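A quick write-up on the structure given underneath.
In order of appearance the chains are A, B, C and D, and numbering begins at 1 in each one.
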């Protein structure tokens, strides 16, 4: 096996082991319901995390995604409430706005040579601020089309469902993997993460790539916002606070380096599942106070990272001595 | 000597200018802004409010600057503030003296920093994720101490730290000024500053040159923990109670923002504590300005975003070089080549 | 335990919330109910996940303290399909009422109204400039308590809200925002009353008023909502004037309704409203303080 | 000479000004079809800057560029590539996080149905590298390979990209004779195909071996362009330096082992997976050279001696006293110094000034609490800037803005400033011009006379022979031979390496 796949393999192994531990303790966790929920409940996070993976692979970061998700939700709810526009048209419009928003951030990052952390932090303020200005109330969406979309699911034996949004997440991941590893754009993303100056000397169009990366992240955050809107049938300006941190954590747990240039989109999926697993486990336990919940989440995060480090370290040593 | 002074002035100019512009803008929206008066033997006015309310972020920014200079980041400072506030309140209400309380609290902060430092330096975990662990768990720990309630106290000594005054200035202002000055002096009068910068730019090369990178890294996070502890004490003393749920919530982002507005690169290396402190004041000036201006709160974030973008655009290397006539045609790729010596 | 109940709590963002959690656990223990507790860290998605997990585990009933009114239809439908009754605590949801058993809540708009009415009665026609400390922008208590208060003030031209900013429901922000109100309104001489959407902000604001050299409770009237212990201390010291109680014991009535429903299938009314009791300095605040302080606020 | 139209690339009056330095001052340069044109000059003369201006990596401040007689203005390197100019920039400018194949085909990956065809790409990459006798796993990350391999990959990429012009900025700095020969074979073939090739180097033998014409720059100005055949070496050096050079390398020979006692004694020193345990004795004032092929473990030997990699077997002692070499810091405390091979990754602290870079190791040894005063630092920096002739506009310039050779000198200065007893130099003269080269070798000899012990790793065998009293030969991460006294000759070293090569081949 190629050394580059080591972090990914380690992550998958740890996830499977952890799942086994959970099942041994709560056999119910093997039910298709839990598995279906794992996909459905994390769909919006997963989709946004795909965008985040690209951004991080290029050596950047996007703090705006949570706010963009909230904005998209409110935008859709207000639009569907105030006009007769068909949801599909509203979706297209929302995606257009968020993609342009991402592209704008990318353009600022590239042309003004400013750190992504700050540009996207300002983007986060702006997007949430726009959501507030649209409406501070939470607005329900009662369009029948939403009900239709929600009615689309694949029933698993045992009561679980693969819902439309859960399926969409898997599709987005598949597309993300394809883009990252099988297109020139994907290669350019990795190149940028390896070093922008070197990439430029090698002829990578860094300006175009940077804008495209953040536009992609904006697009996926918008898509994630649509999914969130379907998930809750509402728009709410305080929704999805801190999702960016969850996404970053998922990306990093998935074995991607924050310094850029190294990692896998598929790893992010495992990172998402690991986080979902932690949460499900805690709910199944149900005896923890609010504070112990937080402490345990932190602790489990730590243990996962430690296991991953340890596993990679041991394998690498063995490889070297072989 | 005057050459270094001149370099110093040149370094701080953009920050000072930005602060001045914002203060002017606020004074347009609120005419009584610059009014200062003496009340109960202390200075009183909006400007003092900015200095006073900016204290937690300013303190956090001190530690954050050093951590960022090592190419790291510390997301846990808000949670550490909460922990330390809780510890201080718990100690003082269970009968420890003021000195013991402060010692225990500061020790707790340093311990938190040590944990982060060990994760980063010894286990080699990426800083953002290493400190995320404590960011998540830390608030839980703080709530564990207070059991979710606001732990109030009445100890006059502890309260004095939050709302007393010294030489006419509120105590928090005195504390961050003195502490900032002290750290800046220690860092610049010893070789620490240079060693930290070397470590931040190229850790491996610094290590090969004999810099004890591990120790320095851990020390940087410990300093950040200490700063968070002081900020936590101030925040608790200010409201006479430890609010584990909300103390320092999202302040890590403000602190990072302050450092970046202060012109220190998130890629590590060159840093200036003074500039970060001014950065913290800039952010507080924006916040206070928004409150004074009387806009409905829905607009707070948009205003803040707009002003930050404006400041950053003005400070951005591109815009700056546009001002400088001789660098009209710019170097592109190779000019930046050194920036990513990994 | 013969009854397993899942409880999806919003989080632990305030003392009041912690007290609600404590009381719910106490109540469950007293009744021998096995309570599965899930803290959602202020996130709706976490609450939905928790509800789904509860359903997957096959609990007997669910208590839900929803973080926001909208977006519950689907998961409530799932609970209904699984024949698990859901009781809403503390806030209602924007969903068809056949999806849940009952809601045990106070009326947030009503709370604001009670506070407003108290102020209207107290100033008795005199001119009065009011400053308002709002809760977290966009949260339903902030919206409803503002609305109720404004309703009470409507038609009383002598009462005017001159400044309104968010203090995020916290003491620190309450203090900071009040400081700026005082500066902006001529050192506070222009302000006659403060209305805070919760007691914590009021406690912070009281300190700011004192530090500005004014007497809270006298120079500036202070009225707020929640009735947490610390505000009674302030009232005893004459620094706060009135508070409207939001009882943290929502679980008691909820469990009563659940048990009755399980025993003889009798569906309770769709809304069990808790009392929004007004406390003033005349209500022996120290005594109330002593009663309340052990409740985990 | 040739008519103007036979020039594939010509540059007229190129100007480039950096803040505080005029890097190019109205430089003319023209490259004919089918010629190898050497671009020479001291460190900091402006060679790399000229190349970057020609390929759009820098925006020039003035002047015109003509390609095939038509004016072009490449805005970035991508455009230059599209115009048929392939370039190897100084320092390996490849991406360590990508695979070898991805590096080779970045931006022009073969595609099937719109998607990158990785298998085809890897196949082509293997084919491409086989021309350079390089049979490596092209799907492995580039970082897994040594600088030399990376250099070959960079060359292969540039050659493959160049339709009309190939520019090589110090491509041979980290190559062995074998690789150099391979490279030259390919260059000659390209030349026959009518490409114009620009070749920058500090190895004058290579200039005479391959180039047709020579252009010399000094201080950003054009000194002149000559036919190689008509320019004797002495004159060339005079052109470059603006003065005569006394005592070029290769004269002094220290084959007589110094009489001193064995000062440093390493026994069974090694580390699993890095280098087989070896024994090594070093006397006071002695230079021990280390030779070997690429990847033979020379750098690893150096790293283990310095504690950059901790030895897991063996002992080290100085004058009979055990040495603590568990980390670079410990080694420095024992008065060791180590000038690493890969200056960009292991050497320079890019954003810090030349002054700070020079003072760093000394400061680190003194500890943070005893800072070198600014005055002392200035004195130190000024001393070495003068002694090693480091070309910089001032000592406060960030070191990343210095030319490659001058960076190398600054790193050397860093270690000299610590006044070590035992100095390890890994390819110390890489990228350093003739003048400075002589200067550094003189310095090494001087240091030895003062009693310092040196280990020098170099691919330049002549250089090794010139100052080493003993030479160790490495192969496959093991020490296989030691030549001493009269046996220290280039021939003997080559033979020793070849012998091992032959054995490895069977």
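Operating definition for what follows: a contact is a pair of C-beta atoms (placed from the backbone, for glycine too) under 8 Å apart; a residue touches a chain by one contact, two chains touch by 3 or more.
Bear in mind that the values here come from a model prediction, so they are computed numbers and not experimental data.
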Any chain touching chain A and chain C at once appears in the list B
Between B-D and B-C, more contacting C-beta pairs sit at B-D
In whole angstrom, the CA-centroid distance of chain B from chain D equals 43
Cα centre of chain C to Cα centre of chain D, whole Å, reads 71
Taking each chain's mean CA coordinate, chain B and chain C are separated, in whole Å, by 34
So, in whole Å, the Cα centroid of chain A is separated from that of chain B by 29
In chain D, the residues touching two or more other chains are 57, 76-77, 89, 93, 96
Within chain A, the set of residues that touch 2 or more other chains is 132, 136, 195, 198, 200-201, 289-291, 293-294
Contacts with two or more other chains occur in chain C at residues 12, 18, 21, 137
So the touching chain pairs work out to A-B, A-C, A-D, B-C, B-D
Residue positions on chain C within touch of chain B in the complex are 12-15, 17-19, 21-22, 134, 137, 163-166, 168-172, 175-177, 179-181, 183-184, 200, 203-204, 207, 211-213, 230, 296-297
Counting only contacts in the complex, chain D reaches chain B at residues 17-19, 52, 57-61, 76-77, 89, 93, 96, 306, 308, 328-329, 332, 338, 340, 344-352, 356, 359-361, 363-372, 374, 398-401, 414
Residue set of chain B touching chain D in the complex reads 4, 189-192, 194-195, 197-198, 201-202, 204-212, 269-270, 326-327, 329-335, 337-339, 341-342
In the complex, chain C touches chain A at residues 6, 9, 11-12, 18, 21, 35-39, 41-46, 48-50, 52-58, 68-74, 94, 136-140, 143
The answer for chain A against chain B in the complex is residues 108, 111-115, 117-119, 121-123, 125-126, 128-130, 132-133, 136, 195-198, 200-201, 245, 248-249, 252-253, 257-259, 289-299, 301-302, 305-306, 309
